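Look at the two complexes coming up: subunit A is in both, with subunit B in one and subunit C in the other.
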Partner chain A sequence: MNTRLPLLLLPAAVFVLGIYAWPTLLLLRNAFNEVGPTGAMIPAWSLATLRDVFADGFTLELTRNSLLLSASATALALLLAYPLSLFLFRTNSRWRGPLAVVAILPMLVSGVVRVFGWLAILGDRGLVNSVLQSVGLISAPLKLVFNWTGVTIGLTESIMPYMTLALLAGFGRLDRTLEEAARSLGASPWRGFLRVTLPLSLPAIALAGGLGFVLSMSAYITPKLLGGGRVFVLATEIFEQATTNTNWPVSAVLAIYTLVLLLALLALAQLASRALAR
Partner chain B sequence: MLTRRIALRTGLAALAAPAIARAQKVGGEITLMAYSGIFQDNYTKAVIEPFIAANPGVKVNFTSAGTSAQMVGTIRAQKADPQVDVAIMDVTTSTIGNIEGLFDKLSESEFPVLNELSPEARAAGGAFGPAVTFDHLVLAQDSALKPQLTKLADLWRPDLKGLLAISAPPNIQGLALTAMVEKMEGGDYRKSIDAAIRRLRELAPSVNTFEPNPDGYALILNGVVKVATAWNARTQLVADQSAGRVVPLLPPEGSVFQINTINLVAGAKNRAAGAAFLAYALSQPAQKAFTERMFYAPTNARAQIAPAAMARTATAPDIRARMIPVDWNDILKMRDQWNNRWRREVIAAAR
Partner chain C sequence: MTGYLELTGLHKRYGESIAVHDVSLAIGKGEAVALLGPSGCGKTTTLRMLAGLVDPDRGTIRVDGADITRLPAHRRNMGYVFQSYALFPHLSVARNIGFGLEERGVARGDITRRVGDALALVHLAGLERRRPRELSGGQQQRVALARALVVHPSVLLLDESLSNLDAKLRDAMRHEIRSIQKSLDITTLFVTHDQVEALTMCDRIAVMHRGRIAQIGTPEDIYERPAARFVAEFVGRANALAATRDGGGIRIWGAAQPMNDPGWPSFDILIRPQRMRLLPSAEPTGDAMRVEGRVLRRAFVGDRVEVLVEGPGGQLTVELPSGGTLPEEGTAIAVAWRPQDNLIFPPDAA
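What follows is the complex of A and B.
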């Protein structure tokens, strides 16, 4: 190996150290500060905030909510993104390029704009409820926003383009000749998919699932705007503690806790992806 | 006896006087941090532009970090190198800044205008920046709602199910509402909020959102809700702008003052101009202009406000009589506990 090759890492390493490592260290420092009765921050080297956060049952609820919400949004997004990605990967249509752009188009729109779009579609007087009421399927509007349902729908839509790209990148291992061999040996298309295509695409699924899960865990805008103050997750609580309660130490502890949780989940996804690739 | 030397000194002093006066005039740039949106628009017209006209050497940069808590957080982060000279924010957060040494104490010798302020305005900041505006919590309602709400207890009307936008704690509107409901139930928030929580839990199923975005007015104007918790000044302005579609209601059961203080940032880069701006913002002309433009109640007791505007502010005598005496420092100490009770008992009942 060329001994100068690691030098290529230098610009990115300097950049990451400057914009990520140093603020993270400051965040870590804040976790040891304390907060006075009126909210003023008291510089200290104390474990009191850490102890209080983990003794509070609400932290467990936040963790459970974040994991559950991320898992459901990831699973839904995977169900939608997998066939779409497979189609884009396999098709020889001249529309392949434009279709791929359409699939990732939501990434090009501001998250806030997309969420307000969902409010217009799913609200009590939104498109869905208006159509359902006009055809007589429902008499009163369905509650599709400002609750768990709305956040799940919004998150699913927001992570789908990323998962589509991850699946497309991971489908490189799919070998069409193996599927054709299965078909020539008498397997039905469905059986061929289940026994050949799906197993071969498992590493791509693990990669996309890991990415979608991590993005859902750290999502703030969607739970904040579509949750209506009813959906509490780690990301919204970190923001709330920092910007409404002015409680930086609690916010810092929760942020570090979330970071550790995400790193652990990413490591697990990586291990799963490698195991499935063997 | 007028000697030649004395005559010469007198002549030179007379020649230098205008230059000395000019030198004493403030100049340079200052950065004012306050609320964005309609507050910024109206404050610029009513206060900043007249200040600049009187002090042509000063440039005022308006900046906002979002909420009061975000503002104090920004100033806290810049403590070693302040980028803001003057900050206007809610008293609950400026108190934090005062304790942390982010703001300067103000003396009457440097700021004679402090003597013109009402006792409540002086008390709000203690030795630090005083109150610059007063406001109070109201219920903003759609004028199309029939019958109109006439009291706080009307929020529990069955026909309003799903049509309420209530800002829950830690938003201070939620904290103020808790104190108001406790009072409505005959209690005192300083002793307990059990009665308020019980009543709010009953209200929860009627709430469409506990976090109105972008704000309660937009939700009313778009027909999403019929009633929202809101601050009086903005509601008065929106009422005018929406041709009466949004109507403010001061509940007869009582309301709670919201106080904004004006603060001189410790170590401000242009302290002289910042101090001049602060003094102007508290002066009678600035207070009159802003109150008549945006219906925040004045804190300068000598400001002569037009009666029509005054009647729509928190200091109108009939409104003042309905205010519940609230010490925000007390509420701050109980904020986490109230917040937890809302989440576990009130919002949980709405899921």
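What follows is the complex of A and C.
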């Protein structure tokens, strides 16, 4: 091994230490501080905040909401992104390049802009409700935003491009010849997909799923704006505590709790992906 | 001729280029036929049309009288051995071989028994639980063969199946596949660009060139009586000597030749290197064909020696068994051969 190789890591290491590790350590320190009667933070080494946060039933509800929303958004996004990625991976069409760009285009648009787009589509006077009402299928507008449904739709769309890229990267083991072999052995295209293509793409699915889940868990803008203040998740609560309530210790405890949760889930996804690649 | 496997007027084009041009072929039950040709000649496309992996534009495919041209691949019951073997990496050897049986709904106990038999047939008994990547190239090849054979296919199709093996193993597998094919009496179509494979493994050879079948016949036919110049040059090696006409007589490299005039204005004569012999320049040769030249180079190839001779009309190679005395490089020499070993074709347009 080249001894100078670690030098190449130096710029990135400095950057990560300065931008990520240091603030995280500060956050960790804040978690042990206390809040005085005036609302000001008092430096201390206390476990009171930690105890309070985990004794509060609301924390459990936030966790449940975050996990459920992320799981449903990830599952939905997988269902949509998997066929799309498979098509992009396979096609020889000259539209492949443009189509791939369209598929990841949402990544390039600001989250706020995207959310306002959804409000225009899903709102009470939005595209969907106007069309359904003018056709006469419904009399009153469907509640599609400022609730669980709206957040799920928004999250699904925002994580799809990332998952499409992850799936495309993970499809390396897929081989057209293997499907042809399955066909020659008597498997219909659908059976061949179930017995060959799907099992071989499980590692990619685990990877993309892990990524989508983590992104959903840490999403703030989408649950905040499409939830309309009625959908509470860990990310929105951390922000509320830090800004509105200026309760830094609670915000810090919740942030570190979320981080640990995510790291655990990422590790699980990694393990699953490796086990499935065997 | 009617056969067990019949291709009639098969045609396939990709955009502007015609991959397979009206190919017709009848193969008897239990017969092994090689589709031999250079890459891009349409042999693999033909095989893939048989397996149902490519749709022909025109033509029909019949097996045992039944038209299967439009039948989807998974209903054709053909065994296909892929060039890359295409073993399923996520399944054990046993599950790979049993794949076709599972798809056919064979009972679990029967699958186990038949997979065991198939593994024994290809001398891999005991490797049931291995994964494909834990096997050598030769073993993977055997698994692919067992997987194709275990379903009792009506036809066995092999696509360049030996080209990924090293030379020694290839020799062994050649004989093994041939003996399995004969013992199972299975109709086999074998795509290859390797003439030795075609000559040794098959009852008949169909030489393909630019999407068409240039000649079909027994290995002896193809080698001794090539129907086209392409066949003569692709199967085995041949020296091409330009013949000229001079006052009614035929001359090669300036020397008059005792042969009949085929009547064409100009033509090449092809001769196999091992059908030529060398003799001292002064020695008479009676009524044999003969040219004069100089030894340019000698190459020892183990069981034979190749002598490169240069003359007024170019160069030619003479192949001799090793062990005899050889002329020194640079000496003047005569090359002679029998007129009946001439391979003469009309000056072709292509």
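Keep in mind that, in the parts below, the second predicted complex is superposed on the first by the 277 of 278 C-alpha atoms of A that agree within 3 Å, B and C clash if a C-alpha of one lies under 4 Å from a C-alpha of the other, contacts with A are read in each partner's own complex, and residues count from 1 in each chain.
By definition in this document, a contact is a pair of C-beta atoms (placed from the backbone, for glycine too) under 8 Å apart; a residue touches a chain by one contact, two chains touch by 3 or more.
Everything numeric here is computed off the predicted structure, so don't read it as measured data.
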For this session: Following the overlay on subunit A, give me a clash-or-fit verdict for subunit B and subunit C.
Result: fit
Problem set entry | Partner chain in contact with A:228 - subunit B first, subunit C second, else both or neither | first
Exercise. Regarding the shared-chain residue A:38, is it in contact with subunit B (first), subunit C (second), both, or neither?
Worked result: first
Problem set entry | Greater subunit A contact set [subunit C / subunit B] | B
Exercise. With the two structures laid over each other on chain A, which partner does A:180 touch: subunit B (first), subunit C (second), both, or neither?
Worked result: second
Exercise. Is A:125 contacted by the first partner subunit B, the second partner subunit C, both or neither?
Worked result: first
Problem set entry | Which superposed partner A:191 touches (first subunit B, second subunit C, both, neither) | second
Exercise. A:200 contacts which: subunit B (first), subunit C (second), both, neither?
Worked result: second
Problem set entry | Superposed arrangement (fit on chain A Cα atoms) - minimum subunit B/subunit C Cα distance in Å | 47
Seminar exercise, completed: subunit A residues contacting subunit B in one complex and subunit C in the other none
Seminar exercise, completed: Touching subunit C in the complex, subunit A uses residues 173, 175, 177-178, 180-189, 191-192, 195-196, 199-200
Exercise. Which subunit B residues qualify as touching subunit A in the complex?
Worked result: 66-67, 69-70, 72-73, 76, 92-93, 95-96, 99-100, 162, 168, 170-171, 208-211, 213, 222-224, 329, 332-333, 335-336, 339-340, 343-344, 347, 350-351
Problem set entry | Sites on subunit A touched by subunit B in the complex | 36-41, 58, 123-125, 143, 146-148, 224-225, 227-230, 232, 240, 242-246, 248
For this session: State the interface residues of subunit C toward subunit A in the complex, per the touch definition above.
Result: 51-53, 72-80, 82, 84, 86-90, 99-100, 103-104, 147-148, 151
